[in-house]
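Please go over the structures that come below.
One chain, chain A, links the two complexes that follow: it is found with chain B in the first and with chain C in the second.
Then we have the complex of A and B:
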């Protein structure tokens, strides 16, 4: 709450005519706005939980048969597995068990790993945040930086080259790019044989500082792949939003004050053009948890995306629906944050 | 008022960028020596793809875990890699009573668990009895003890198993024997939750040639050699199984020497590794068969019909014509790029005794489209104007074909079959689908033709049992097998082979005859036996036991021969230096990030500071 008040006080020079009179009304409007957003978020989360549960249950295939495929099991063994997974119970009773568990933050038990889904998720959360977080930050910085350059002189050579390169990588399949990097930089062929490890997160015997460095080395290729594929989004949004700002009157004023072109761009145009990218960044932050399934799969990165992939194969209902709820919750949470933060950044949309 | 800032703003940024670029160049030039492996030559690293479900030998289901546990816990009997015959393991020898109902296993004296306790008959009896009596403990091996009446430890070295009725599979008891003194307390403590017990107290106590010492989920599994194993110490000190979710990445890891062994390669991957220095590609006869089954009209055991299979398929003539229209050799060439063997009978030829091949007069269903057309003409299947036949009952021969979309060889075989069946006036609705959809179609009997396949063990009892009439579902959707097949003569032969525990030739004879029935009924139609393709680094693995010894495979052996026998190669390739370059590159990457992050923070701070002015 403190941040809200300081931020509202922020624009000191702003007109404050209605402040004394409408102070109470304003607070109520803000409270109503926050409450409305919170309700929306909670309702969406509830819908996701219900939909997720039934959606995964109408998936074709039977988890027990899939898990025992090719193994010499008897009907009794299959029935025992079904009983252990609770699949012999009626659907509604399974759902109430599951919903009851969610209230206690218990996401259920994974069929294939036979461990609580919450534990599995916590185990994999770190690697995913590390990889996807780094990738998102690097991609955002790179995209915004290049986008600001490109948008300032649309149609110039820098703009055309930057946009073309970014769109090229944006259209490249992640899988293919990842494998290509492995072949060129990690395998025994290419110009630098074995420069980087092919996959995994850390060398088996590394400890202490070595482990940190080894992790950094393992991260290079996955992060490069991820950044190459997604930075175009930031670049394009930044570029178009800067083009929109370019004709604005305050820039003419700034120039009239005698500021250099670079300064006008950095201090006046870019901060305003950044606003639309905030939503994008929050949306992407929400997806950080779901990882970058393809990148994690190509590089065998032990994260949540990889876990989800392994669960879908079975289908491991317990695991998949747990992850589904988590992924949805994180997107909903980040959207909620974006809704709450945006008015602080842009006074024009304040309630 | 701001004139002093502008030049300063760009300078640190340029410097940062230049520094970052330099670092990148620096780290790349330092690289080439980093190609050697991480663990030195006495660690054998295997690239694997499947996740681990549990290391609890009573509940572990997945192929990878059962395979690993085979190295941790000995079983009573194993398979001889030279002959494929049952061979002594914990049991030195065994005898059956004349009626085949009482089996006596004599244990060896020198088997110890790695905590120093001797393995006795009590451990064996306790393990088997637990599987018989506790449902939670029967998940992995319940099928082996289904016919057991009682297991007793006569003395320290003698185990006696009483059966309810004779069974020939007593010398294929692939059940891991666990230490009673470790597991009895665990069972008591876990109680109901036993099936969720994952056995991750490392190192695990077992009697096998390796012990589990580490499991980092999704990353790797480490096994250490048990130097005191009664068969002798394994050649490598350590076995590491590392996860590669993407097989192509695993192949690249083999090239760079990060792993010593990759398995389950595709033809393209195997071909790309041919001729690579220090890499040996091993192609061996398959243990698997690839087949399609025809829905002959699904019924439950009580004779209740269900599903929606094409009605004409209950006619054996039509089924046989379908088989005659398909050329297995073409499927080998087109579907498997030659990396398979065209099939005859149900059991692959690597099991010489049990394999059966239709020859001479028996080969009634060899590839012959003209004869297939003739058969259909004679049986009253008239061709329509579009070339598609209609059954005597007036049903157009448009058949659905369900194909596993995740098996490339099935997909290609399906395309070949579609063309060949068009030649005899059958239209195929090719449904290349997800395994889940395929499995639903099978169990609901809503299919006409459907793909299947099994890995056959040295003792083929199970794959034969699924086609007995007992394999039919008791109610729709609960089938045990993978075809709605039921034949009285087949069932009689099945019982006869199961009871024939003394005369192996006689048992093989019964099994040959069973395969002939399957062949002639044309419900279960075997297409090919796909080859096993795997590759290893000869500069890391010097010598390794194949199973069978000539032309055999490494991964998926029935014993622990491969990893127990594997010897490190003499040549120590590129030892030393690897770690330091690794550290250097890692440091380079960290620095790069820090510099970039720092530069950005600097710019931001400066920008905001200036904005506030």
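Then we have the complex of A and C:
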């Protein structure tokens, strides 16, 4: 156990020490690093767009038949629909139309709502960000706090209980937990009938401060569901990171100075152990946007996840494809941010 | 490996044991050591026991459950009967026993979870070992292959797993095979990364160099020297992935992507929701399937963590 064993996956061991202080070499290296990450992100995004397009086009299933399912349509009407959505063009020309549209932030048209996908997404982006953001912040705070407790005394009773509870919630299907909460706290039966609303985001007739309170009340159950399922990973990473730090020499020094145990943990060990969790938080922020699909579906939260679910059942290819690109893009963006921010925080991995 | 050898066991008249016997004895001893240190892990043992119980129930289900009672038309009871001695977990909206449904659902859920894991672990191991091996000893061409493979892995890693699985399940023809493929094709990247890292560590060992110096080709080194040493890590990862796959299966079923003709835990939950069990407060239709998923996923996770701590001495020291 030495202090050098940190869980970083960046380009560790970059020759920072023997490089001449200041100078243009360092600036060039940093520029190269940033440029490299940016290129990777752009190439990934391009691949996502291409894959998304062909995944939803080449594979079986005819969008027009899906759109008109269950209704009698004449051949002329079908041809008209095809022309309207550009489906009569050859595939490559459809692709270039689509890619050109993307440059103008045009994600195509939803077959189901007959509205531009971009508008639909913008309408529902706010609720999703509100829910996902609140959930992530609460889960990260809770997980990091409990993880710091558990990791300080590994094998102790607090650690065992904490880990067991977190692992249990981690193993529970998100949507099931949400349904249970609805039965217990929101539906007409259960322990507290009607304590919280079962669906939606805000009461329709509320205004001003009332609307804010109503939104908060609607958010309680979705946020609790989200937090219960995702806080385990923050707990586990904080725990193992703190265990890695525990043997470090500077902690011995701190103790030798006569600091109390709690102070050693809070002031010295935890700040250093927090470093590896930064990457994880960013990565999760990217995933969480799509991770709320289940929570939003269960609680009928008017966000992107619910939109995706509704598009899936039609199936509304334009909408689903647009959301696919958006979800992947959010992960790519967050990965990029993590790559760029981490070296600022941890000098050991600076380029 | 020795069992695959077609040659008959050497008739060694001398008391000096042949290398083969020695190797077998060594392996048996290593296995014993492994089992003993696994048995020390109480959580791991609890997971193993619960898995064995559930697997036994799932495998022997046809012996004590009449399949006709699981069809909508042949349901034995009334709709929404609360739990009673006859139906320990009550009945669903068609009058089928929920307990029977759960036991029968274990067959599909476990099978899908295991098969999806086989797909993803095979894919991950293949890509990880190839990338690791050619990256460290394949020359320029090998390095390019390795880089390309890892770039593809990284790319899959950034795709939102659930969205991709749902998309695959939506565009492929419906059925259990599709679910397995959709899960298997989306959860492999972490395995590939892990296996590659382990392969690189193994490739740096002298015995791999010796094998290469003796004229061992790429396939030989990968199959006989790298793979056996990567297997422990893969095994632990496999157990953890089964839990992920079972939850993923229930999620896909819940989103309506499952095969409606088969009975799986996710399918039962989806049926319960569409039947209105949530608002009607029919808890015995909703709680058991979710609990079953949680118990199985937790058991696999516990086993996987126990295996990890046995294999990785650094973890053993800590916890």
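The criterion applied here is as follows: the second predicted complex is superposed on the first by the 325 of 351 C-alpha atoms of A that agree within 3 Å, B and C clash if a C-alpha of one lies under 4 Å from a C-alpha of the other, contacts with A are read in each partner's own complex, and residues count from 1 in each chain.
Basically, a residue touches a chain if its C-beta (ideal position, glycine included) is under 8 Å from a C-beta of that chain, and two chains touch if they have at least 3 such contacts.
Owing to the predicted nature of the structure, the values given are computational and were not obtained by experimental measurement.
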Simultaneous placement of chain C and chain B on chain A, clash or fit: clash
Touched partner set for A:208, first chain B, second chain C, both or neither: neither
Touching partner for A:323 - first (chain B), second (chain C), both, neither: second
Contacts of A:293 with chain B and chain C, given as first, second, both or neither: second
Contacts of A:335 with chain B and chain C, given as first, second, both or neither: second
Touched partner set for A:179, first chain B, second chain C, both or neither: both
Partner touching more residues of chain A, whether chain B or chain C: B
Contacts of A:309 with chain B and chain C, given as first, second, both or neither: both
Partner chain in contact with A:80 - chain B first, chain C second, else both or neither: first
Chain B versus chain C as contact partner of A:124, first or second or both or neither: first
Against chain C, colliding segment of chain B, chosen among 23-31, 185-193, 203-211 or 329-337: 329-337
Footprint overlap on chain A, where chain B in one structure and chain C in the other make contact: 59-61, 179, 182-183, 187-189, 198, 297, 309, 315
Parts of chain B lying in touch with chain A, wherever the complex brings them together: 2, 6, 9-10, 28, 31-32, 34-36, 38-39, 51-54, 59, 61-63, 135-136, 138-139, 142-143, 146, 195-196, 198, 216-220, 222, 240, 242-246, 248-250, 252-253, 255-258, 276, 434-437, 439-440, 443, 454-455, 457, 462, 478, 480, 579, 582-583, 585-587, 589-590, 593, 596, 600, 607, 610-611
Complex contact set, residues of chain A against chain B: 59-62, 65-77, 80-81, 84, 109, 112-115, 120, 123-124, 134, 138, 141, 179, 182-183, 186-189, 192-205, 210, 212-217, 219-220, 259-260, 262-263, 266-267, 271, 296-300, 302, 306-307, 309-310, 315
Of all residues in chain A, those that touch chain C in their complex: 44, 47-48, 55-56, 59-61, 154-155, 164, 167-168, 170-177, 179-180, 182-183, 187-190, 198, 240, 243, 286-287, 289-291, 293-294, 297, 308-309, 312-313, 315, 320, 323-324, 327-328, 331-332, 335
Complex interface listing, chain C residues touching chain A: 43, 154-155, 158-164, 166-168, 170-173, 243, 247, 250-251, 254-257, 266, 269, 273, 278-279, 281, 283, 286-287, 289-290, 293-295, 297-298, 301-302, 318-319
